[in-house]
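One chain, chain A, appears in both complexes that follow, with chain B as partner in the first and chain C in the second.
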Partner chain A sequence: MNEHKLSNYFYILPIVALILFLFMYPVAYAIYISFTNFSLYHFFKYSLVGFQNYVLVLTSHTFLHILGNTALWTVGSLVPMMALGYLMALVLNQKDIRGKRLFFTLMLFPWAFPAYISLLVWLGMWNYEYGVVNKIIGLIHLAPINWLTYPDTAWIALILTNVWLSFPYYTAIFLSSLQSIPTELYEAAEVDGASMWQKFGRITLPMMKTSISFVGISGFIFTWNNFYPIYLLTGGGPGESTNILIVYAYQEAFAYNLYDIAAAYSTISTIILAIMAIIMLKITHVLEVVS
Partner chain B sequence: MIRQKVNPKYLILKLIRLAISYALLIIVAAFAVFPIYYIIITSLSPIPTLASVSLKSLIPTTVTLEAYNGILFHEPFLLWLRNSLILASGTVAISVIVAFVSGLGLSRLNISMKKVLIITIYVMTFFPFTVTVIPLYLMFSTLHLVNTYYGLIIAYSGGNSVFGAYLVKIFLDNIPRDYEEAAMIDGLSRFGAFTRILLPMSKPIIAFVSLLSFMGAYTDYALANVFISSGNMWTLTLGMYYLAITNRSTLYNVFAAFSVLMGIPIFIIFIVFQKYLTKVYSLSGTK
Partner chain C sequence: MGHSLETDAKAGKAPIVYRDTSNDAGSLFAAGLILNLSAYLNQSVFNQYAPISIKNFELHGSVYGLPDTVNYILMFYNKQYVPYPPNTTQQLIQIATNVNKTYHIWGIAYGMTSEYGYRFAAWFAGFGGHIFNSQGMPQMNSSAMVEALEFWYNLTYNLHINAPDVTPSIEQQLFTHNEAAIIFDGPWDLGIYVPALGANLGAAPLPIVSQTGLHAAPFVGSTGWVISSPQASGATPQQIQAALLFIQFMTSYQAEMNLWTYAHDIPANMKAYNTVITELNNDNLTPTYLNGIMKGVLEQAQYGQKFPNIPQMNFYWDGFYDYATEYYANEITATVASQKMENYMLSQMQQAGITPDLLLPINLNLLQSYELLSNLFNLGILGLW
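Now for the complex of A and B:
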């Protein structure tokens, strides 16, 4: 019997090895690096420097600025993409809409096409001189805009691109949870003479609370760490005005070889994100409901 | 007689609701489709640079495959494609095997690690890849795995296998144990029952894990950029970055043809299996 039990662990040996080798050890190593002066200048001989990197990062204006950007990026893209996704799910869920399947498939296009490629396509579309976005706004006689070179318009471009990339995901998820609400509830409400808004407020929203919170929290974590849109479209520019923590950490490490600062940035970013995720999970009680 | 009772006010409200709904559907669908349409049309046109893209060219009058000729035979596209496919298929192979075996263990066997593993997987999603990429690079350079296919395949397989194992476990939890127990009574060993009975039943989730890990490797730029230094190891994403950003003199229709060749196969798979894929995605909470 004991032997039998031991053999059970052979099944999970590979996964445990992968977690230790590719996740636990690197994370520990990264935290260690964040306490050293490991950079291009001290590549072969680096030493522990205590909290020096953390002090340096946490007292710098750059950090606060980039943290603010990360919050703006996360909330600023999550709210419109979830709202649009939800709205389209409600529209598609109406009984008397024709061609649902077709509209739904068309809306899945941004999700179906690899995001990396779409982002480079969008980069061409936002181009000042030749981009198709400026040509379209030219139709209503607006002057062309140098989208990616001013902070305000760069944010608009980034968030619009990100909404395009992700809203289909939310439409699909919300549509499937809308369809799982029992129709008897609505029928009963109709008998009682409830209006469309009452049905929405009293049945639809409460029934979807858990699904919205769960998807919202996962989306928050995903968007906070979403690297490619900003890296490819603006590279964090102009200056650092659209840079976020993850892109900044990557650039510090691989453009400037400041591995110590990059490790400190990544660690701080993870801690902040984990704290926020835990608070959100506690407030919404999502985990208790899901598990 | 009863029908006549319908209040004309409700009829008007209904018409307004439907009009708004269709307007929204058409606008949002156009927004969703436009960039993909635009890049396909551009790839089929003789447009030499981005400068000559005009709104008129959105409705093609002449169709040419010149750009495809350009990307396939005048750029190292096929070499990049080969590299990307080697990396992606290696990643799929490792991830699927590890995910299935560990998913089996977690779902069917008495292992005291289940909860720990599930929490680990959730916590792993908090960590940006920038945390692990520097240590991995250093580890792999001491192991001489930098600039090799193996190094990247191992790096890609990590997250995919772990997440895949979790998906396989959820999937297997929904299959009653009676199936493999019956097979074991008929004389199959436990491992035999797993591979002969549960493996064929797991086809859908294995296909999903394959797609996820394929996509992860096939569209990765950030790790490839760090781990690859020699030109003949370049992947499609590195080549595309070079053509779109570093080398601005690239013909725009050639870039468009690149996007289409690299993206459309994935796109078609997704659209064909959309019903199934959206279901699994919504269960797993990933994008």
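Now for the complex of A and C:
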């Protein structure tokens, strides 16, 4: 019996070793760096400075501002992405729609196309001088807009771009979840004379609760750390008005070579995200269902 | 490039030799990643290069690189729309307004909102500003910064003679497609402008700022060759010796003449530079209109400012970008922007543990004291204008 148990552990050793080496070691090293003064200016000789970097970050005005931006970016993107994804899934789940496979395939393009390239295309599309967005609004006699130059319009451009890039993923997940609901349930409801809204509220939504929760939590984590849209479209500007934690940490590390501050920002961001993810998991009971 | 170099250096495996800008290499030298060439080469070696280019590669009295080209921005204009290069900002406004009204194209293509301060530094200096004082402390919070920011805001959003929301690549597109008459760029992009505009291309120094009577003075920096410190690269003494020979070869007369011939880069090697001046005096370049363009390029050299290569210069770029863009977005005033730029640089210096540097005299028109300028006069380049 004991030999069996030992051999069971032996089988998982490679994955444990891989996780320790590929994930735990870099994370531990980053946390260690956050407690030192390691920067370009203390490159070969650096020392432990305790919580000094954390105090600097947490007491700076920039941190609160960027944390607010990160929350706005995450929630502001996630809510329309999920809503649009869900709506599209409901439409595509209808039996009577013709050509929905073709439509679904076309719709997957934004998601399947390399995001880096899509974002560079969008950068051009938002341009004042040449951008197609201004050309389109010009057709309805609206004045061209400096989309990425002003904070409000920059946020609109960022969120619309992110929604366009990501909603097909949510559609695909929700569609597969919708299709897994037994049709007998709807047939029984129809026999009982249930309306469309009653079927939606009593069958569709409860049956999809787990997948909505799971997609919501994983989407929240992904969007919180979604680096490229902001880095490529606005660079966090104008000023710091659209900057988020992950982009700011990158800039601290690779624009200013302040690796210590960047590590502190990354660690704080991860802790905040982990706490929120745990709270959301508790509320939605997603893991309990999985286990 | 810098990122991977630093990662490699941390592992003691940086490339032994590489090419870099003088300012970027300055930070790396301060961090101990680059070899102090003064400990290996005689002064006679450094004397082979234009003094400004060696000054670009010098920190705390030590030389850390050998230069191959001298770089700065100047004004390129399209002769089809601009009858004569504006000598003052007042003339610049007049010409750009006229271009705008007559030809319905942009007078100027200068993307302020994608500016990290490289080109803007020229205008800041033209309004009388200095990025650092003699102790290496930032001096962005000044009336010069406020006036320079407001000047470009006015030209863009009030007078509508400068194209808004343009990136450097869009600026180039506007200029090469005859949709903008004036652009501020360096000679490194001549390969784009000469084929596009041909004999219509003009080059001249940036204008004098009418309010102050000072020339807009661009950064004069250099590109060149540096050697990693043994701690960063793990190089043996023999490899270091080979690297020293290699960088002297790459910055030799012949190598820099090749850069001039094929790319029209301005040589830092004095012998090559003098040959270039002679070529221009004799109108030896073909096609012939290239002689006029290159004379304009070289004329700008007398109105430059030394590119600060101290480590705290790293904090200028994003500090400028963040608050200049906030000002252009009407979020803050120019006065607040200049205050925030300086505070930002100070806080970043504090985070990096950088103390004031006593070895930083930043002088405008620094080139005037150097041999480069006297060469321009002696060889008659300036007399031609």
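Basically, the second predicted complex is superposed on the first by the 273 of 291 C-alpha atoms of A that agree within 3 Å, B and C clash if a C-alpha of one lies under 4 Å from a C-alpha of the other, contacts with A are read in each partner's own complex, and residues count from 1 in each chain.
The definition used in the following text is that a residue touches a chain if its C-beta (ideal position, glycine included) is under 8 Å from a C-beta of that chain, and two chains touch if they have at least 3 such contacts.
Predicted model, so just to flag it, every value in this text is computed and none were measured.
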Query raised in the report: When the two structures are overlaid on chain A, which partner does A:254 contact: first (chain B), second (chain C), both, or neither?
Result: both
Report task. Kindly classify A:129 by the partners it touches after superposition: chain B alone (first), chain C alone (second), both, or neither? Result -> both
Requested in this report: State whether chain B or chain C is in contact with more residues of chain A in the superposed arrangement.
Outcome: B
Query raised in the report: So, does A:146 touch the first partner chain B, the second partner chain C, both, or neither?
Result: second
Query raised in the report: Looking at the overlay, does A:237 come into contact with chain B only (first), chain C only (second), both, or neither?
Result: second
Report task. Give one of first, second, both or neither to describe whether A:14 is in contact with chain B, with chain C, with both, or with none. Result -> first
Report task. Determine, under the contact definition given at the top, whether A:30 touches first (chain B), second (chain C), both, or neither. Result -> first
Report summary line: Residue overlap on chain A between the chain B interface and the chain C interface 127, 129-130, 254
Report summary line: Contacts from chain C onto chain A in the complex sit at residues 3, 6, 9-10, 27-28, 30-33, 113, 163-166, 170, 174, 231, 311, 314-315, 317-318, 321-323, 325-326, 328-332, 347-348, 351-354
Report summary line: Within the complex, chain B is touched by chain A residues 5, 8-9, 11-12, 14-16, 18-19, 21-23, 25-27, 29-30, 33, 84, 87-88, 91-92, 94, 96-97, 103, 105-118, 120-125, 127, 129-132, 135-136, 139, 164, 166-169, 172-173, 176-177, 196, 214-215, 218-219, 221-222, 225, 227-228, 231-232, 245-246, 249-250, 253-254, 259, 262-263, 265-267, 269-270, 273-274, 277
Query - chain C partner contacts - residues on chain A that touch it in the complex - result: 37, 39-44, 56, 60, 127-130, 146-151, 235-241, 251, 254-258, 261
**Report entry** Touching residues (chain side chain B, partner chain A) in the complex
**Finding:** 14, 17-18, 21-22, 24-25, 28-29, 31-33, 35-36, 38-39, 49-51, 53-55, 58, 97-98, 101-102, 104-106, 109-111, 113, 117, 120, 123-136, 138-139, 154-155, 157-159, 161-162, 165, 215, 218-219, 221-222, 225-226, 237, 240-241, 244-245, 252, 255-256, 259, 262-263, 266-267, 270-271, 274, 278-279, 281-282, 285-287
